[in-house]
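Look at the two complexes coming up: chain A is in both, with chain B in one and chain C in the other.
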Partner chain A sequence: MTQDHALQGSEFDGGTRVPAAGTATGAVLPGPAHDGADEPVQLLDHLGVRHAHEHYDALVADVDGAALRKLYEDMVVVRRIDAEATALQRQGELALWPPLLGQEAAQIGSGRALREDDFVFSSYRENAVAYCRGVDLTDLLRVWRGNASSGWDPYSINMATPQVIIGAQTLHATGYAMGILQDGDDAVAMTYFGDGATSQGDVNEAMVFAASYQAPVVFFCQNNHWAISEPVGLQAHVPIARRAPGFGIPSVRVDGNDVLACLAVTREALARARSGGGPTFIEAVTYRMGPHTTADDPKRYRDANELEDWASRDPLARLATLLDSLGLLDADYTDSVKATADAVAAELRQGCLSMPEPEPMDVFKHVYSAPNSWLDRQQDHYERYLASFEQAPQEGSR
Partner chain B sequence: MTTTTPARVKEFRLPDLGEGLTESEIVQWHVAEGDTVELNQIIADVETAKAVVELPSPYAGTVLRLHEAAGTVVDVGAPIVSFEVAGESEETPTTTPSVPPASAPTTASDEHAAPGTDAARDSVTDAVPAKREPNLVGYGAAVEKSGRPQRRSRARSVSAREAAAPAMTPATPAGPPAAEAAAQAPAERPRSTPPVRKLARDLGISLETVTGTGPGGLIVRDDVLAAVGGSSAELPALHPPVLHPSPAGPDTAEPTGDPSAGQTRTPIRGMRKHTAAAMVASAFTAPHVTEFLTVDVTPTMELLTELKASRAFEGTRVTPLTIVAKALCIAAARNPTVNSSWDEEAQEIVQYADVHLGIAAATPRGLLVPNIKAAQTLPLVDLARSLGTLTETARAGKTPPADLTGGTISITNIGVFGIDAGTPILNPGEAAILAVGAVRSMPWEYQGAVALRSVMTLSLSFDHRLVDGEQGSRFLADIGMILRNPAMVLTMV
Partner chain C sequence: MTTMTFGRAITAGLRRAMEDDPKVILMGEDIGKLGGVFRITDGLQKDFGAHRVLDSPLAESGILGTAVGMAYRGYRPVVEIQFDGFIYPAFDQIVCQVAKLHYRTQGAVRMPITIRVPFGGGIGSPEHHSESPEAYFTHTSGLRVVSVSDPQDAYTMIQQAIASDDPVLYFEPKRRYHVKGEVDETGDASASDMGTARVVARGTDVTLVTYGPLVPTARDAAVAASDEGISIEVIDLRSLAPIDFATVEASVRKTGRLVITHEAAQSGGLGAEIAASITERCFDVLEHAPVRVTGFDIPYPYSKLEFHHLPDLDRILDGVDRVMRRHNSLSGPTTEGVSQ
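Entry: the complex of A and B
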């Protein structure tokens, strides 16, 4: 712990940058001014060294070499999905894509802790969590290609489609968790959001209700340091995890680039919720290595040095180092991981390019589950409007 | 499957890289015509209004043609690269279960229709309505060639067509398809788009005299340019909107008669635009006064020689600018009004405690004034190093935004260009700027005789709202005193 603390300190203090008040690095990284509780839980440090932890080791005792390899493969694959989708956007095939580069460990570690009957309410960046839930890759892209209002049936994978309204999904999760209470079930609602979302009223309201009802919900905050162009230090002068106890919700800070630690703290939180212990707030301290979305240019607002600092804490590199030190990173394995990633990327691209265009009248589908006269009238008007165009080949005549 | 399929040409059109952008500038090509590229290989850097992004190749194949040169602003949807794609297995949807199998056989023939042959494309589109046309143009609906309905024409043209309808073919004279639409509606103003109408107006061309060659007789940019007398190929490679109106008529090629011959017109944008706005704002809000002082800096030059030889300065570049910067910090402490700012909105004078020393740097992007924070706290050796890295970083274009804001006073080193003096314009919001002239060997009065001495001229501009002549003069005199005799610092700090 102390060794790691010294390392993090030196990385930031040794630089030539002038420390500006209220910047992201100043407020979030553990510094001497913080007490021990602010120190993120870490099992695997940025150099790939596994550190023993008296409490959390037991929660990942079952993670053997094979499981570590699977976690690594997951992270490689989702990074590849991310890169391929970004390329598809640059090629005009997607309208927009919100990259998760750098946040693989936070999403895979937490996503792999979930049970099938748990339910996920995420923001728009949790594509790795969707991957863990077994989303169809083409479904992942439907919304971003502008071909559908939502990508999949939430009940098919027990994950709601991405919420774009910042923080709104936390209310949905709390509501769902209150429903679990009513059912007397032991499933858990898991909600993902970012550091910026913690400033939203919705998130605060969700926490109030979750605490009041002791609902089985886990608030998983990926503090990726940037709310688009606003550094986290502007919104949080103390670590975000410190807010939750004010609502009566226990919280934990975890190294969001450490897949093992993320797995461990999420398992603990899920176990608490299942056993009637109520909500937990997890702050995974990670970093968005790429742009906010493909329409953003982070070079305009953040320091290249900061990016470099975080590149040295890459979540994949440290796990690769650990696997290597365990003799588990042989060429056969890395080849097979690469082949899997290639196949997934090819499937993603294929699915994107061959997605059928929606028909004009499709907009009326899925609005109501039952017939609705008001909608029928609109549909009739729209049909007649379309008919006012010249008769083009087959369009609209279904 | 791929071995027998012939190679064919694929066009890559500029996508909408942000959300709702209409154009982007090609900053740099990473490939040349004839290069072989892999899928997702970076082929270009493109700057949109929002970001500079890398374009990955949508195909594996050979680059046949780069349609636009680096530096051009391209409309979204315009072709930028043509690829020769061998085989074409990538989009043949046999491997993806989600594609209706029925569309598979027709896909190949559909895509054989080369770009531009809209008729051929439309005819096959009928058979595969559900298949998405790979439009590669943003994410919006495919353009009309995919068989999208078109709005009925204006009333007059409709009635004309209805009148002609019973006659069917006989009423339509055989002719080139381009002229057809125009012939059908002779009374109507020929169709064109607003930018084309503007171009025609700018060039003094009446659209009635232009024959449209676009779809349905639409008058396109090239038609207007052709009507001027030259085709677009003969015009200088500028972005069309900045073409100055040239005299109408076919004589534009004549080299001597055209007053604009030999001129290059560059759109005012980016750094140049910002610099201009800042300079205008500064020059016309702060009343500038400039004072000059010519100083015998021989003792400073001797000091520099000693510093260079000293161990503490090993590997550090020390120049007259280093000493001037240090002198400025010392003099500013004695005359703090030069390190202040006029806050017009609040009707307050802001006095700064720290000297955030701006250094004007000429960079490939233009003028930048990065600043050294709290320069007055830095020992000389640190100041020297900061000056070195500051300008290097600026020239490499890597100055972090924080270093470009918050400056309180500036230096411009015109001496490096061999210039003696000038009347510098204040960096907006600052109260003073010092121009440092070249060090020259000049005959100069020295101990009652004329000797060859190292002489430098200092030019100080200050905001006369904040700084009176007395304070500005004392400040400049203090700097001069230090340069004339560095030991005088002992009397000042």
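Entry: the complex of A and C
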């Protein structure tokens, strides 16, 4: 036990030490921005109280009641997508699904800050970001139904298909951003990854390259406290955001369950990148309320009290409270949000069930863009093999 | 025609590719002001600018990973891996990303990345500077792998590799960088195909297949064997993935005997693939089992022993003797009925 404790760190053991995400009075002092300060930026506390922030208020000054309602609707819809996909997996229609439950604010807040010509390189859990990019709902499921290795053409929504190798996409984003620099463009590459990924060499190399070339890339780390069964304390002995300044990259820690704060810090980072200010590292402190994937059982490794604690910081509930306090949560509105979510869920389910089956010979497609003598021969032989079943007589010896 | 060294021919080919296509970007360690440790990129940063010839931080995975991002953005990165033995930190990005993104995205994203790798031994270097890792990559679908053996091919094939919409590993036999040859710079690189093998010496008794650094050695072996009345046909594979088996098969159908030689270790190497594939195709005409003359299954040895590891003229001729059922190192005192 002693050894476990030492290995997992004293500060972030199992994610039970919640960074001060608001107090009983909701008072949070505005921390100094961009220096990797431990205190997360928070504009909306877990009780739904909006707090003034001397630096970040200006970045969300345009977010009026209608915009708040839209953010809330987004979060309800993506939570509904998540629930529907989880149900589809339980019903045997999907092989697997990686839920984002609990991370809606981090993904919607950052995703809604992006411009259409920005380009996203994400992991497999950023389905809410894909939703912000305008993904076709059926495309979200192709990989998880086993029908394709990716759901969409990355150029159709300016978002790479989800990366499974942990952290590899951070380098792709950095290289893409280097290309933006070459082009003299003001787009930004945005990369999403988790706390576990920060242990990967690729993520650290990406920060070296991004800093050296001053590439317009935003590193958006969702510290959801768990990498499958490993607590964040095993990956990082100090708050993750503290690392980036060592690379020469400004960083900010944000309450990842506060959609307004996530929107604000991401807007700031994007603006910095667009104006030649180089990369920014954002650590959104959030929590993976569900399993790693539908194949995981978090009851084996984490405490129910922890879940309960984080449930009280739910990103949707606090925004609903704020809307209510502003008189914006009337029945007409909530009914329409529910109707939208139900329609999206129905479309998702329909898309899943009506997805055409892949054809056997599709396995050979797109390995190369040009003919390949080795593969063409194997394909030819397999075609003949399959055809032999159709041509074979009903009886007779092989 | 211009006489130039093998290394200069690659430089000239890179220069031509950069002139032809502004999307061609060079990335690697020490390739800027220094011109690379082998000077292959000498003068290119000065002429094309630091934005097109990028000195990279010392992180091979980072170089390949950012090259992937550049390719996403529409560029054609040409990456220099400084030495063969330094490629392994980039292995994940090459195998999981560079090789598979076209397949993963159902053709939506192309990875026209060229990875230049100085490879092979014979230069007296310490560990990690003399390896032949090509089989790791020929085993990986989605990659094309080539190796060049003379200045003309070096010049032409680097341009073809860069022009390829599929990723290409371009293995350069570093011990031949200073070999001189005639190069025609006026030709159109797209007129020929880097995927085809080439018969570099005609013969009728034995087909000797090789690539890269051992092509000159194999040609020497053919000359030496002819003194003893043995006619060797030498094939320079040029493309290692895919291998142009049609050319090898046509030769073996004529000779009935196959010897393969490479510097890389034997087990699971390209020689095994060639022996198996040619046996499948030509079993009926083979006079003897294919013979491999290769490096041993050892870590690359310290330099004073490297020429025991590397196949040379005499070891190749010994392999030829085996496939000819002549007296050889394994046959003992008699020559009758000896197979190995």
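The rule is simple: the second predicted complex is superposed on the first by the 350 of 398 C-alpha atoms of A that agree within 3 Å, B and C clash if a C-alpha of one lies under 4 Å from a C-alpha of the other, contacts with A are read in each partner's own complex, and residues count from 1 in each chain.
The rule is short, and it goes like this: a contact is a pair of C-beta atoms (placed from the backbone, for glycine too) under 8 Å apart; a residue touches a chain by one contact, two chains touch by 3 or more.
Predicted, not measured: the structure shown is a model, and the values here were computed from it.
When the shared chain is aligned, chain B comes close enough to touch A:351, but chain C does not. Of the two partner chains placed by superposition, A:277 touches none, neither chain B nor chain C. By the touch criterion stated above, A:161 is placed in contact with chain C alone, chain B being left untouched. Contact with chain C, but none with chain B, is seen for A:153 once the two complexes are overlaid on the shared chain. Looking at the shared chain after the overlay, A:374 reaches chain C, while chain B stays out of its contact range. Shared contact residues on chain A (touching chain B in one structure, chain C in the other): none found. Chain contact summary for the complex, chain A toward chain B: residues 16-18, 20, 83-84, 87, 89-96, 138, 145-146, 291, 294-297, 299-301, 303-305, 347, 349-351, 353-357, 386, 388-396.
Considering their complex, residues 25, 51, 54, 56-57, 59, 61-62, 64-75, 89, 92-93, 96-97, 100, 102-110, 141-142, 144, 164-166, 195, 241-246 of chain C touch chain A. By the touch criterion given at the top, residues 12-19, 40, 50-58, 90-91, 93, 95-96, 98-100, 122, 125-126, 129-142, 147-152, 373-374, 389, 398, 400-402 of chain B touch chain A in their complex.
Those residues of chain A whose C-beta lies close enough to touch chain C in the complex are 119, 121, 148-150, 153-156, 160-161, 165, 168, 170-180, 182-183, 189, 201-202, 205-206, 208-209, 212-213, 365-370, 372-375.
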